[in-house]
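Next, two complexes with chain A in common: one pairs it with chain B, the other with chain C.
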Partner chain A sequence: MNGFFSKMPRLPFHIVKRENCPLWMKCCFYLAAIVIALLAGALVLWAIDVDPWDYYYQMFTMGAVGNKRAYKIYMNYIKEFLPLALTSVALSLAFKMKFWNIGGEGQFIMGAVSAAFVAFKLGPVAPAWVTLIVMCITAMVIAGIYGLIAGILKVRFGTNETLMTLMLNYIALYFLTFIGETKADWNFFLQEKSARPVFESFKDIVIFPSIPLGEKFELNVCFILTLMVGAIIFVYLKYTKQGYEISVVGDSPNTAHYAGMKVNRIVLRTVFLSASLVGLAAAFKVGSSGVLSTSITDDVGWTGIIVAWLAQLNTGMIFIVSALICVLQFGSVNAASEFARVDSSFANMLQGLILFLVLAADFFIRFRIARTKKGE
Partner chain B sequence: MDKLGVITAFIHSIVAINIPLLYGTVGEIVVEKSGSLNLGVEGTMAVGAIFGYICGCLANSLGVGILAAFLTGALCGLLFALLTVTLQANQNITGLTLTTFGLGIYFFVGNSLKGPDWPTLNNAVNVKNGFADLSIPLLSKIPVIGKGLFSHNILVYLGIIIAVALWWYLKHTTLGLKLRSVGENPAAADSVGINVKLMKYVHICLGSGIMGLGGYYMALLMSGSFNSACWINGYGWIAVALVIFANWNPSLAIAGTFVFGFFNTLRVSGSSLAKAFPALLGWLDKIPVQLYQALPFIITAIVLVVTSIRNKRGSSGLPAALGTNYYREDR
Partner chain C sequence: MAGYAIEMHGITKTFGSVVANKGVDLNVKSGEILALLGENGSGKTTLMNMLSGIYKPDSGSIYINGEAVSIDSPEDAKRLGIGMVHQHFKLVDVFSAADNIWMGKEKSGLVLKKKRYDEIKDITKRFGFDLDPTKKVYNMSVSEKQTLEIVKVLYYGAKIIILDEPTAVLTVQEIEKLFNVLRAMKAEGHAIIIITHKLNEVMEISDRVAIMRKGEYITTVNTSETSEQALTEWMVGHKVNLNIDRPVVEKTRPLLEVRNLTINNDEGATAIDNVSFYIRGGEILGVAGIAGCGQKELCEAIAGLRPIVSGQMIHKGDNIVGLPPKTILEKGISMSFIPEDRLGMGLAPSMSITDNMLLKNYRMGKSPLIDRKRGRKDALQVIEDLSVVTPSTETPVRRLSGGNVQKVLLGREIKAGPNVIITAYPVRGLDINSSYTIYNILNKQKLDGVGVLFVGEDLDVMMALCDKILVLCHGKVMGVVHAHKTTKEELGLMMTGSLDLSEKYADKPAGLAKDTFFEDENKKEG
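Presenting the complex of A and B:
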């Protein structure tokens, strides 16, 4: 048994790091990954007697083609897209620094609860625009502080931030369910009249306004705000000193230290910024729906990580990738109503498959396989 | 029910409800000791659960179920190993994706079979009987705690045996020592002739297989009733937390399982305890359920901080190379 683990078979090839991979080649690899994933998905569909072509058509068009209520579909789609894109952008900030903030879920929840708190308490007495701004700021600060817990522990004691933020996610989740399931006098988050615990809506008090475009289609201001934040972060990462510091610390904290950067300060600042933007996404979400829910996050904290990685932490790409992932998720729920045999969880499988294959494609972009010459 | 009976039932539940945590934790310890942080425990357990349950019921055999759960769990591990060990993919991302993917498979397979075709435990008599409690002679006759601790189904005993065996393996065998060296410093292990990649592959698959068993246990515990909430329901994440609590030691994981299990069980049977002892434990009814649910994570967060402070003094079981991929040419 021991010998088994120490034998070194000589393979006729080995892997070498690729110096640089041309863009067209990258695109080919990623495209191949997606096509293979879709083909594998088609195989599954075919195995359970569903026409893959029909299904994919229904999924990718989200049932909007030839539908009179297509505007409604697009509006709902945008509602799902915004929090995901913004959360993902926020997380990418920390990831760039190789700080594994997987606490998006928890930070989102903290942001959402504090935004709702402001809406209930300040909403009735202040003008709407003041309330909305205070909602955003409070959500950002609270979520930022929640993220900062893991940051401070990491800097001070070297606590593993992946595991720490993971724990904080669940603590926040049960905090939210506690608020959502406890009927009590102090609990103004719930409806007073209902006997069962149901979240009270603050739609009538304050809500992010929508801009009507055309006859029926409406666009929430959050859409424009999210795009603006995205653009600012793009510039921040690419053209500012602070953005540069993030990438240096990410590449090598030692280099950053020798270059005279205050590494701890940069880490804390970036973690705060990352978490507070997740909080902003949460404020946008509750602020435009007007009600909390125990599943307020829609898993954006998790999916956002995957999106950020798929987009290789590139802010522009994050918007494109989250738009695509939303098509998968939103479209599969839609298609599930047409195809009774295919569960909407098919999207999760497909999403997983795509990412697995993209990760594999990544390998071929970073490395190449070379023949081993004799005597090497 | 008499008052002592309530206590016995409570002790019995602590063990019976929480053994899946032990499987998940021990499996993850094996994986992490090889230097890989696999965040796909939840997904791996879900895959093991659904395939173990369905195969076991169709074959009407507990053994087939166990085997299927182990193999499908190991297959998830193989996928993880292929991506992170050979293809150098990021471990956090791969693990999280594995969870998404695994839960996707779980619901896809479950929802496709749901309805009249769903295999029920009542039709699989052998599985049902195989999962029944077995009393250990003599020990189970001890008053109060005997029935609580020493009368359980075979998978409980199997879980304890696996945990102790792996503790022995890691601590007292040459191969276990080699495994730990791979997790601590793969480059050094490589230089003394240990096949790092093979070590990682084998142990990631082994650990993931054990997680799959935990999933299968969970499926049987839920009597296979499939609904919108996953059978695993966060146990996989608690297992990730428990690994830290147990300080990467499989035998401590048994203790950790029961500590976490204690709170988990209070959530379920706290009210019956409160009823039996109103004067002493009446306050149990007043504690919100969510606090019990959050407690494992709060405790782990504290343990994590304490561990990291202690780690600076070098007495923690945290594998030094945890979470980093090994690429020989980078040496």
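Presenting the complex of A and C:
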């Protein structure tokens, strides 16, 4: 690297560390990053002959302005937002401990399948509220145990949790595919009548209730539950002894050990908690849509990683960031129906651009460029 | 102007709001060793980093051999013949010595040639180094790694060599070896700048001494015309008493007794071999020994962090072998080990001083919530008592300078009100003023009836501070001597294993207390 720089012409400025960047300045940098990303996106749109202004308008309003069925759009938006926010919060727990749990996808699938299992088996014989609670608990426990596999292997044999959780993702994914494509007598997850393998819906058996607000808009209880879990995790990380332990283990495992903490136990406990919250997100998701699908995760296990990092593992920020990312994703799907020429994966590109530029903005928050004064 | 290898004029460098260097002037001649002296955080390392191209001065000018230069990168520094040996080594662990040197070479071609070993061997021979070019870095001791860093610098033809605290992690013998190398380099006409805290080393090796205080340049004096006392006063800015007190305290019965203790190191080899000793309240027991002869393992075993192979440890008559670290802590045994990187054990570097204060007592109380109010109170008190320099109690520990980090660590240990303090290398890398603060803290604890086990490096300090000194050699006890009766030579002989005083008195074996609690148990049983 130095070799590279030394060949550059002498520059009249240099990089200086910035201390205590004020909040307004941080906000400005992040805002600038997003604006530049959008401008770059506009350039692409303009190149394929789409009016960027129209497109962005469609995207950011999610087609809700002037739409009689806007309430439907908001409800769908919230359905996308909840699993992402909760998964990101869950992952941030493990990340805080420097346990790189990138197994959100797998844990989500395991949670979703076990929640659906409970819905099919317990739903017809028990009251709805009992079924829903058992669904949540089962999903949490199964997902938690699934996450624990990587945790135990790391603690016991020093394996790399990144690789383990990554590989477990694929095991879970193919397990779900197996269920979704195997027509057999035992497979109650599929529709009996259909000749092709199609997931059976349990909408009529059990589903998370919604609270009607206003004329047509209904707020799913999962929304309130997710916010509550978020608040609890915020307090847990910031103000509890266990949260403190997570920070210390993340910062220096040696020090934690030296302070008399049972490091392995803390690691396992936190990994279980992280994975089980991903499972809870999955239970909310299947519990409110009433059906499994091979794309049940909506990639929240991956997007959640980005959200957690963009929010710098701050629980409050995670909710804001995931709300924004959801606007991007949901809005672009919506805009894609208006603009046939732009695929909905445009959102992915935009998301990548924003992530990249926000990270670049981070550089300017930590450093500033100063003019080099010439010595006399 | 002529004659100076380096001249720095009016160098100023700020980091955010902190002024690290303010109008510093410095010059070094060829064939001269200049010692750069200053307290922790006085800006020595920053100044040197500007010479080696890591930082750029905000203002000021640098002349090399009378020519104005601009050093924009380490590459520039290399081209100008400036080489720096950093406090923290910058080596690739899995590479051999030769490859570590060779990889930085431009136009070295794509093929690894056998010849590279010979080239490097030539250099080591010329300056009298002891280094095997084929040895992998992860197999090297600290001193070998440092030698490698110096050879690397010389290989690239450095004429100006900067060493940042090279002696902090070396043993007495290794330091002597290093100094011989420095003298050989000086004789070849190299200009050498050495940063160190140890005044006796400054007096021994340097020709001139430049002194800095709080980022400002104070003065440069000829070593032959000054004294340790004068240097300290320049450095600190006021008069300092260089004597270490050894108050006499009424001793209690043994607080901690260790019998026939054997411990393995991480590799499974014997680190501590059948060691017995005891510490009374109101006593400082020094542990002397060449680096890496079981000190770390001993400290860890007492704190319950490392399983023992055999032996007994009792605290006030209660067995502590096999107890978890938490229980041992609660019994009032505090252990603070300052590792070579200073931050590795005992502190969570990214967390605030407040949070670090809570590290050992956060479990207190039944509430599941953590009591930061108490942490903040403790932090404020430690900051005040030990005059820690920090913007606030919420500053992450890693942003503090070395001395302040150690004060925070020791402050917390003492705050917990222990009855036995195990402290290893508490003044490692500290400047005079901070070191004396730490000695005073330990003496105060001793006056309060605390038993202190002091694992140290500097024999002069240990002889002045400790009541008794236990000497280890390859994990074996070479004897326990009274600090005021022994000599440096005697300790040196014991450390190297040439003198064994452990069986000097047949009737009074070393390390066994007369009024031991072990007898109690035996009596009970009998």
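Everything that follows uses one rule, which is that the second predicted complex is superposed on the first by the 345 of 376 C-alpha atoms of A that agree within 3 Å, B and C clash if a C-alpha of one lies under 4 Å from a C-alpha of the other, contacts with A are read in each partner's own complex, and residues count from 1 in each chain.
Note that contacts are C-beta pairs under 8 Å (C-beta built on N, C-alpha and C of every residue); 3 or more make two chains touch, one makes a residue touch a chain.
Since the structure is predicted, the reported quantities are computational estimates derived from the model, not experimental observations.
Contacts of A:Tyr239 after superposition on the shared chain: chain C is touched, whereas chain B is not. Ranking chain B and chain C by residues of chain A touched puts B first.
Using the contact criterion defined above for the overlaid structures, shared-chain residue A:His257 touches chain C, although it does not reach chain B. In the overlay built on the shared chain, the residue A:Pro52 is in contact with neither chain B nor chain C.
Of the two partner chains placed by the overlay, chain B and chain C both lie in contact with A:Lys17.
Applying the stated contact rule after C-alpha superposition, one finds that A:Ala370 touches chain C and leaves chain B untouched.
Residue contacts after overlaying the shared chain place A:Val248 against chain C, while chain B stays out of touching range. Of the two partner chains, chain B is the only one that A:Ile305 touches; chain C does not reach it. In the overlay built on the shared chain, the residue A:Asn160 is in contact with chain B alone; chain C does not reach it. Applying the stated touch rule to the two superposed structures, the overlap between the chain B and chain C interfaces on chain A comprises residues 2, 5-6, 16-17. Of all residues in chain B, those touching chain A in their complex are 37, 39, 79, 83, 87-90, 92-94, 96-108, 111-112, 174-175, 178, 193-195, 198-199, 202, 234, 237, 240-241, 244, 288-291, 293-294, 297-298, 300-301, 304-305, 308-309, 311-312, 318, 323, 329. Within the complex, the chain A residues that touch chain C are 2-3, 5-6, 10, 14, 16-20, 239-244, 247-248, 251-252, 254-260, 370, 372-373, 375-376.
Chain A contributes residues 1-2, 4-8, 16-17, 44, 48, 100, 102, 153, 157-160, 162-164, 166-168, 170-171, 174-175, 177-178, 181-182, 302-303, 305-306, 309, 341, 343, 345-353, 355-356, 359-360, 362-363, 366-367 to its touches with chain B in the complex. The residues of chain C lying in touch with chain A in their complex are 9-10, 14-18, 56-62, 68, 70, 72-76, 106, 303, 305, 324-326, 328-329, 335, 343-351, 355, 358-360, 362-363, 368-370, 372.
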